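The next part holds the structures, each set out as structure tokens.
Here come two complexes built around chain A, the first alongside chain B, the second alongside chain C.
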Partner chain A sequence: MALENNYIKYLKVSHTYLGIFAIVFFYISTFFGTITVLKPYISTWESPSKHFKLLAKEDINLDVAIPIGLEALNNPTNKIKITLPSFQEKSLSMKYGFSNNVYINPHTNELLNTTNENNLLSTFFNTMHYDINMSQSGQILMGITSIVIIFLTISGIYLWLLNRKKRKRSANFWFRWHKDLSLLIFPYIIVFSLTGAVLGIMLFTASPFAYSVSHGKETNMGKMVRPIIFALPVKIKSSNQPAIMKKYSELYAIAQENYKDLYIRELALFNWKDKNARIVFSGYLKHNRILTGRVNRVNIVLNGETARIVSKRTLDDTHEVSQFLSAFYFFHFMTDEDILFRIFYLFLGVIFAISLVFGLFVWIDKKLPQNKNSYFTIITKLAAAFTVGIIPATTFMLFLYWLLPFDIVNRDTWIIGGFYTMWCFSFLQSVYKKDVLEAVKDFMYMNAIFLIGAVFLHEYKTDMYLWDSFNQSVWDLFYMDLFLLFFGICSYLFANKMDTIKFLDKFKGY
Partner chain B sequence: MNLNTQRILKKKKSKIGFFHGTLSIIGGILLGYLIMMVFSMYIPGDNAIKIMPSIIVTPIAICIAGLWLLFSKTTIVCILKILLLSIILIFFIKVF
Partner chain C sequence: MIKLFIITILLELSLFPHSIVFNALDNEDGTMEIIGMLSTGQNTEGANFQLISLATSKVIYEKRIPETGSIVVDIPKEAYKMVLDSGSGHVKEKKGEIEPLEGFQKVKKQNSNFTFYIPLVVSLLFIFSALVLQFLRIKKN
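Our next item is the complex of A and B:
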């Protein structure tokens, strides 16, 4: 593979400078995205009303729970959406049109009081992941960054292929690990950068394609594509003849019997208590979760009065593009995947974050000797605060979440403000301390205090101690507390033993 | 065109300049979109099949076009590459 020397230089320079730009934003996105992998469990952890065991589907009494929810929604008869309990949301949730959700405890069939629970932590982490809390402009920025990451991946692989001919391993520690780690998780990087680019910017800027396909007649992509891939069910008019509906459990059993491979996640009621009543059972195929993800659900529709099958949507009935999109999004969102797959992604996320940091250090390592005792030392301090300081800032949020009373005014602002303040403080700490490693040690101590404190406060305030969640088999809660506690203890031990860890000598002098 | 501008455009450099870099980025975005617009027009199928693959592939097309522009000996070559390919692609979009 012959390439002019100048071109290789161009490639290296563009890889370096675009890399610095991308790392700043993509590190935040990767950090919070890696936390967001555990979103369902964080969501349960932060909602005291949902501290109960996940009930098996066959044990849910739909005939009691659904009428209670309907009553709370003022007995609507059309467009009612019921989401069955799952590891993502352990209560049975119901909504009508654009109303707020009502939540029912499937164990007791009582309405849950979720007034002060708004999933602040999991929502904030997710927001930071996709738009760094900057609304649509942040989302576009993340989309652009994702495209840059694709460029970095292509150019990085190109450079690697060119260098491979020399068969000489680089002596630079940071470069070697940046390269090896990035190559190791190459599919992960491509999947996330491509989905990030599509979701962040491409869907908003697809007008040129609509324009060219329609020969200049239409620029709204959604108008041209949505009716094809998200085919809406035909509207059924109400007959205005009241009818007695079959039991929900009976309808559920009939739907499951006639669509054995369907894992039912949602129910939707239309024209309820009318002769033309319809109940839609939708979900994913047990043997094909990838192609029947969130954007391509299959369903079976029954008549509410007679339980007659009105229609059945199989995988063959769905559009190829919907199937492709389902697979495309599956590897990003993992909507229906539980803990094993999520832990695997968590590890990949950590590896990617480390690879990004090492990439930054390749540049710092090269520039630092020329700029010793100049403005450049601020960059290394900033990098430490940015990459490691974000950890105690995040765990400080968990601590504040349980420390502040739930009914305090502007609670969200206090907690989110606490995160940003702590993050800024970490920069101050990095600058104040002469050696970056000393600042990192402080960060780890703070992290340990916040995590152990958050677990203790959570258990104390909810009166659900570790042994209680273990005895009651509330496994998600038990493992969340245990994981945070373990992470906190590890942080403490790491900070304590930092001076004896030889690997960390590489960071000395920054 | 004054001498200074001519020198910037035709000079062979050992280091990539800011102008060349910026031009590669803007040109890459322009060409990436134009290539996929033409692709959208000619791919057989309904609107979803014509549009959705382009939305997904465009980020990759932008990067490859950007790399192609980056590999230009002089800035003038980079500009010519953008102009020539843009004219051909716009011709395809407008005429056919």
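Our next item is the complex of A and C:
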């Protein structure tokens, strides 16, 4: 019995201390991951050239738009990839081989000038999400943290079951909420920690496997298994006999007619203007988005000259490992899912972030009474700056993004530097204010100013006011501005009413 | 099923990373050959290759990698870096180590990297003052 008690004691201690380690990194990852859920919409919001209505696929004039893109790419004839407009990218984008994309406005069929647009905000949020802006080492760190989260989830559930058996109910506010919220979103945590662990540590752990399996010949696992799982179509050689191609719209209609369940996302051209020309229409199955995600697309291949169907790849033709991967990644990336699913994930992300913060407070709450007026108080200040201070720091980026001229030198460095500076400032602020709640109030006021300022500057600089985006039915832009404005006003009201909210009394004295 | 799951997880570990590798080989005649390829062995046709001056940050040379996967370029006369951009955020940078036969010419550095240091110094200042303030407060009590 005593031995068992010791085990449980060790388990509790490891849950606590590993938890503190994991919270530091996973909170940042969850915070930015939750923002990244809205990546397609943020990306539109930050790119003035893409402030137009999403055009329905049937209204796109492929016969005019594609030749314009080809010309911009110096008329290549092989390995051309055309991505059709979607809610993620409203322009028609084209590239060949490993070239950069060129973008075409499908309304006017003109090339878009994206010189000063590099999706800084959405890319930075995504980077912070998967490697806290520390490249490879950050990614590995996030992978390890994800594994720790798996341990914490399992140990947390085990401890909960033990306590349930004893019918003990804790009176600690933080503990109760940490436990209840985590249990509520248990599937979400498991999905993200599993996928996060795989994505984070795959790079540095796969090489030894590959090295061992290939008897020391190869260290890249991808190089070995890619040809099996993602079998490439047999390379068709050019016949060197020029031919006249059928119209893109005609080929598109034939492909869709012969594969009704296929939702076409991409077109690829091979050996174009040759007798052996191939056009590949690929996408996901309308009735099975989970198994035909980004890593397991189905397609139909036509001959560019005769429109004869060369091959058709159905779900049954894809490798089962590839199907498994598609499902595995579906719940992390939601590639083809639009706003409803994303809002659902947004809520789960917010709940998880709160649960992590409450977990941290369980520990702080336990330690603080013994450490009043000691160096431990720095931790409570840091926690406030770290968890709440990150919000105004992030919105400060949005504000700076529209405040700074687009053509200044090192614009990205200024904006990202602004984020870190603001985050550090929030630490100073939380120390300066003595009472953490006072500091949080300031954070919320700052947040409101930055958000409302960012929306105003965005509208002023792009000359696309709320009523304009509403009248022109540019819904993603309209709702994005409205959401930011709403969030800003809520922050202001929250800061104003903070003294009257009873729940917040629990934070007093930190 | 369990077997399939285990195999999948093991195989899975390195399916996606296909980092770009590029090498510069000195032809010893004042030119160098740039070879770009993916870690999976594919060539990087279409990727944009640039030589950028370290002193002025100006693009000295720019060309897309052709189907052969390699290009021959004149070695710049000033210190440079090589950038291979293979689209969708896959950018690889390398400092140019191959020097021309007569060595690099010295070019006055124009663009100091103060943009990076200003936020860094201000951030450190904030952290330092916060720590000092809290330490003083603890000592006072």
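As a convention for this text, the second predicted complex is superposed on the first by the 491 of 510 C-alpha atoms of A that agree within 3 Å, B and C clash if a C-alpha of one lies under 4 Å from a C-alpha of the other, contacts with A are read in each partner's own complex, and residues count from 1 in each chain.
The rule we apply is simple: contacts are C-beta pairs under 8 Å (C-beta built on N, C-alpha and C of every residue); 3 or more make two chains touch, one makes a residue touch a chain.
Bear in mind that the values here come from a model prediction, so they are computed numbers and not experimental data.
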Partner chain(s) touched by A:N220 [first = chain B, second = chain C, both, neither]: second
So, A:S146: does it touch chain B (first), chain C (second), both, or neither? first
Figure out whether A:N6 sits in contact with chain B (first) or chain C (second), or with both, or with neither. first
Which partner, once the models are overlaid, touches more of chain A's residues, chain C or chain B? C
Contacts of A:I229 with chain B and chain C, given as first, second, both or neither: both
Now for A:T123: first (chain B), second (chain C), both, or neither, which partner does it touch? second
If you stack the two complexes on chain A, which partner ends up touching A:T421: first (chain B), second (chain C), both, or neither? second
Name the contact category of A:F324: first (chain B only), second (chain C only), both, or neither. both
Touch check for A:T500: first (chain B), second (chain C), both, or neither? neither
For A:Y211 in the superposed arrangement: first (chain B), second (chain C), both or neither? first
Common interface residues of chain A with chain B and chain C? 198, 202-203, 206, 209-210, 221, 225, 229, 320-321, 324-325, 328
Footprint of chain C on chain A - complex, ascending: 74, 76, 78-79, 95-101, 123, 198-199, 201-203, 205-207, 209-210, 220-223, 225-226, 229, 295, 320-321, 324-325, 328, 373-375, 377-378, 381, 409-410, 413-414, 417-418, 420-421, 423-425, 427-428, 430-432, 434
Would you mind writing out the residues of chain B in touch with chain A in their complex? 12-16, 20-21, 24, 33, 36-38, 40-41, 46-52, 54-56, 58-60, 62-64, 66-67, 70-71, 73, 93
Quick one: in the complex, what on chain A touches chain B? 3-4, 6-7, 9-11, 13-14, 17, 146-147, 150-151, 154-155, 158, 193-194, 197-198, 202-203, 206, 208-213, 221, 224-225, 228-229, 319-321, 324-325, 328
The residues of chain C that touch chain A in their complex are 4-5, 7-18, 20, 39-41, 44-48, 64-65, 67, 85-90, 111, 115-116, 118-120, 122-124, 126-127, 129-131, 133-135, 137-138, 141
